[in-house]
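One chain, chain A, appears in both complexes that follow, with chain B as partner in the first and chain C in the second.
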Partner chain A sequence: MIVNIPAATRPPAADRGHPSAEPPTPTDGERHRRRSRIRTAVEAYVLLAPSLIGFVLFLLVPIVGVVVISLFDWNLMGSPHFVGLANYREMAGDSEVWRAVRNTVYYVVLNIPAQTVLALLLTLAMNRRMRGGKVLRVLFVLPWMAMPVALGIVWNWAFDPQNGVVNQFLSLFGVDGPAWLSSTAWAMPVLASVNIWQYTGYTMLFLLAGLQAIPESLYEAADLDGAGPVTRFFRITLPLLRPSMFFVLVTNTIGSFQMFDTVYVMTQGGPGGSTDTMNFHIYQQAFQLFRTGYASALAMLLFALILLVTAVQVVYFRKRTVYDFS
Partner chain B sequence: MSASTRRILAGAATGALLLGLTTACGSSDSSSSNGTVTLRYAIWDAVQKPALQKSIAAFEKQHPNIKVKIELNAWAQYWSKLQTQIAGRTAPDVFWDHVAYFPQFAQQGVLTDLTPYIKADKLDTSVYDSKLLSGWQQNGKQYGLPKDWDTIAQVYNKTMLKTAGLTQEQLSGLSWNTTDGGTFVKALQKLTIDKNGKHPNETGFDSEHVKQYGLALSSPNGQTDWWNAATQNGCKLQDKAWGKWTINQPSCVQAIQFVRDLRLKYHVAVPASVTNTPNGAALPAVMARKQAAVVWDGSWDLNAYQSSMKGNFGVAELPAGPVGKGTVYNGLSNALYAGSSHPKEAWQLVKWLGSEESQKIIVATGSVWPGIPTLNKDFVTVWQKQGVDVSAFSKEAGDTTIGYPLTTSSATYNVKVQDAFNQVWLGQQSAQKAADSVNEESNAAVK
Partner chain C sequence: MSSSPIPAAVRRAPLYAVLLVGALLSVGPYLLTLNAAFKRPSDLLSTDAWAPAHPATFANFADVWNQYGMSSFLLHTLGVAVIVTAGQVVFSAMAAYALARLEFPGRDWLFWGYIATMMVPQMITLVPLFLMMRDLGLVDTYAGLVLPTLLGTPYGVFLVRQHFMTIPRDLEAAARIDGATTWGILVRIMLPLSRPILATLATITFINTWNNLIWPLIITNSDRTRVITVGIAALQGQHASDLPHIVLAGAAIALLPLIVIFLLFQRHIVRSIALTGLK
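After this line comes the complex of A and B, so read on.
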């Protein structure tokens, strides 16, 4: 990530400990300042270079590559053929693509609200001094640190209809659990629940940081005014969590739209295409059907979709007031 | 399109598409300063790896300047990885080839024509089964030497068969039909037991709580399940080699319906929710868990059954269908990558793996039937010593067989058939509908 350091926070050039045995004359000082300004810029660019090179090489070039490839018909091995916008035209009439879009949106809708509300509840529960609080916090974040592919395999076992722990647990109560991952109705909720379980702790970390930045004095004032816990939550906590909430919602939504590993490991888009999300569909077109051009066009569609949703989120959050206590 | 544009596109594509999706597969420079060359050899079957390692150890002893590194990638990822490696020009020097993908590779020029090498070394190719050898030819060029052959048969649990009062001969002599399932379904009913000890043909049978099933079937493409039933019903899969798919013809759909009925009507086969690929239990695992008494599986898995069942298994012929006996006959080859930077050494490896000497080593481990037919009897002997009669595989190879479909649309067929037929086995789609959709989509991809 590229961080732009605002000019105001840069240390003034004169403070930077240049050998100044004799105070420089005004003109000397100007020259000095200009020289050190150049030097600061050079230093900045030297520091930025690694991430800038990485950005150009691994992000900008591939993105441009995808745009270009989306205009070709190419199976990775032979010569690419220029086809203009044919891939995009095909996409518009491809019912599997729109099923993938629907599946992806369904997944995001299952995932984000549940994950955010759960994380918020966890945050409120964790935001107090209690025995073992730190241990619990680590435990909640552990799933996020684990490998998604390994997790997918473990959850596959857990949701196995006959030998899985989930159905064995349900059978204790006399419930015959369904064949989770073979059911077009259950497969997607199962995938979403695995991801909710995985990322709730991570979301909680950000909300917890946001919560702890809210000045205690506001709550004290609210107490004096006789506000109850519900009022305090909706009038103080939630509005002041908005910056954290914004960050969490935007990044998690983007991440959900790009979900791939869990589908790949647990369902391969099945059963009956019910978990065929955009990213999995792109993978399948590119690396199983070897239609690289078409897959690139689909990648552009996913990009546009994410851009649109993110833009809506930005507009929504921007028109709200931002509180600054710094 | 100029070569440089293509190179830029290739670079950009591999960068863009691989970055988030696959782990980096670094290509190391394979020659070192002291003159040793390291060859990369890609395979997809973990069960066969130990046998290959033995053969390669012997090869390395004969060629002290060549080292061979086996790269194992499961079937589900093998072709994706290989094709991206080819695009990035980092494909392994030698790799397992399959007729499903061979035609496209040969057309794209990524395989080395072995004819000049064969001529220069005066290699006698008449030792191979001509059916296998010609499978790797295109336009008079030879793109691989036969590694092995395989058919599908019934692998059974000896104890379970005995308990049900059945013998291997009886199991080999069964037949099925579309009206009442025939003697095949009757035998499977005997082998299927619910938690109260009842069989599916008895009143009070609890199909929700079955302790042991008669049969387990599983296949990502049909090779180890319905293609065999289809052949036994006179279904041809294609109108001709390189032609159109015909899997929605009545003879094919009836066979698909029969396989579906084994699970959903007769309740004698393990439910699809357990065995559907790619995430279901593998057949050797189903047998190891004692969930089924019989499975239809390929000869390449024999060692998997040996390691989990320790000799308590046997091999019987597939049943006969309305039209007669039938199975899928196929084999693999070792291909030489056209972009290999050590073609001479890679040819030495290909030649070795096709040689009688190497295939003898493989046969001695009981891994796969050899590409050289004179060694078939040795394979039978090896398994006889373990108490397993594997002759059903070779008996079937001599009966009616169907080759693996030859088509340029394998990739599309493989992707479409898996999801559509999984739905059929689950009872969520009709045999006819699934066959129609897969047929149409696969034919659209025929070039």
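After this line comes the complex of A and C, so read on.
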């Protein structure tokens, strides 16, 4: 059976970039119409002005700025010297940078699959009428709004080797827990667990909406064909959930690549650089070592990395999904 | 449904058990933090984390509030979050209306420009933004704290615009015939019909501003402007080992207000997350 994504599962996209025709207003003559068009344009730009000023000044100019600054050797306190691509050449040979790239990718890999699979299981469990369903949904979303800095503090305490709740709990079963955050092997998974805790419920909520948009008739037809629950899951649920999955994966991945707060609070990149992620490394270069130009080049690398990974996800999903990108 | 010899309630028991464990894991860190913040320092070290705070004490909250600057951190954060939220809601709604309904040259360009920048990582803009604020003399000021996000974000504009697109045009056409101005239509027709999405945008903005660490970390450097994220991060750095009860009370104060706000608006937000996938 060829399955097309039914319109109901698409995200609400009221327009396809084309405004519908303006209501016909009675005007006398071309001149009048032109004047009203100009007036509308002026009104539009007045309404847009604050947002547009912010957009240009605090987004576009900095984006252009960072490209330019990345071509300079600049110590923030001193004066900038144009050095062409020297920052990028230095970056290519900087083993700490590549360690930060590896650490970031490792963090994303620890995060995204665990988060997505857990959220999917939770979605399937929640996808039914049951008493307390709404309350459960709210409880699952509560972690989403937590302040990552405060979570870092709480997790540091929870994973303390002596007084932490995790090792206290493990000791009930006679297990001697490791010194989590001072271990190069465990520090990163502990950091990832903060993010998994925070975003699993949020992801579930979004997948649940996608799941509930799948028409019941498809399942009824599958029942008539004698399909079991496993077949139904892999042949109907999962394929029709792909647009939601796509969105969740892309946005969660982009977010994960930029993790900063928890590293800053919990490990400061340690132990032994094992949790030094891209964003943290850029922050240190820019605002602690004041290597403004070099940090800008690193920021470009992070952007390139995010673009690359997003492009891969788009290509992967586009091949397998009829998705409305508007 | 096939009839089974086992009653539905029993068949569902494992499912409920799993969901309950999940819910407990979701709420657990909050509860443990709150519980710990009420423990006396000696109890915090000598009892299990899940043992209830008994006797409970308010001293940790009082100390972090009075002696460790929490009252001023909270005041600064509250001020910044309220100002940024108000600015974003107003300016996003204005821009969204222009993009959703008015015909003007450059509109599609602008719209796609906004969309294109939503993927740019925040870190990209921080160095130039800091330099800009330094040249304007706004380092360590409230203006420096709020300015980059006060005028709205492409995301907020996009969110409200998408909602405006779903409002039928007939309403506006009728109002126009009755002589309503563009501003009148926005304020009297569009905004009242958009309360849920505006409440959602306000809540999201408030949460993001409240929780934001990196910009305040860069742009502030004194107690005069220090916000709660920077404040408790510093507390953690200095006192995690010798005063864990103070640090945890600080974390509890940072976490709880958002839960209250969320519970007030959860009906809108849960639906909006489901519809639009908010971050």
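Definition applied: the second predicted complex is superposed on the first by the 266 of 326 C-alpha atoms of A that agree within 3 Å, B and C clash if a C-alpha of one lies under 4 Å from a C-alpha of the other, contacts with A are read in each partner's own complex, and residues count from 1 in each chain.
Note that contacts are C-beta pairs under 8 Å (C-beta built on N, C-alpha and C of every residue); 3 or more make two chains touch, one makes a residue touch a chain.
The structure presented is a predicted model; accordingly, all values stated were derived computationally and were not measured.
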Which superposed partner A:273 touches (first chain B, second chain C, both, neither): first
Which superposed partner A:290 touches (first chain B, second chain C, both, neither): first
Which superposed partner A:63 touches (first chain B, second chain C, both, neither): both
Which superposed partner A:156 touches (first chain B, second chain C, both, neither): both
A:176 touches, of chain B and chain C: first, second, both or neither? first
Which of chain B and chain C A:260 touches, first, second, both or neither: both
First, second, both or neither for A:248, with chain B first and chain C second: second
Chain A: partner with more touched residues, chain B or chain C: C
Contacts of A:140 with chain B and chain C, given as first, second, both or neither: second
First (chain B), second (chain C), both or neither touched by A:52: second
Intersection of the chain A residues that touch chain B with those that touch chain C: 58, 61-63, 65-66, 69, 156, 163, 258, 260, 265, 283, 286-287, 292, 295-296, 299
Residue numbers on chain C that touch chain A, as the complex places them: 12, 15-16, 18-19, 22-23, 25-27, 29-30, 32-33, 36, 44-45, 48-50, 87, 91-92, 94-95, 97-99, 101-105, 107-108, 110-111, 113-114, 117, 119-132, 147-152, 154, 157, 162, 165-166, 169, 173, 176, 182, 186, 207, 210-211, 213-214, 217-218, 228-229, 232-233, 236, 240, 244, 247-248, 250-252, 254-255, 258-259, 262-263, 266, 269-270, 273-277, 279
Contact set on chain B toward chain A in their complex: 1, 6, 9-13, 15-17, 19-22, 79-80, 83-84, 86-87, 104-105, 108, 110, 208, 271-274, 276, 278-279, 289, 411-412, 414-415, 418-419, 422-423, 426, 428-429, 445
Chain A to chain B touching residues, read off their complex: 58, 61-66, 68-69, 72, 74-82, 156, 160-163, 176, 179, 181-182, 184, 258, 260, 265-273, 283-284, 286-290, 292, 295-296, 299
Chain A to chain C touching residues, read off their complex: 11-15, 17, 19-20, 22-23, 25, 37, 40-41, 43-45, 47-48, 50-55, 57-63, 65-66, 69, 122, 125-126, 130, 136-143, 145-158, 163-165, 168, 197, 201-202, 205-206, 208-209, 247-248, 251, 254-255, 257-258, 260-261, 264-265, 278-279, 282-283, 286-287, 292, 295-296, 299-300, 302-303, 306-307, 310
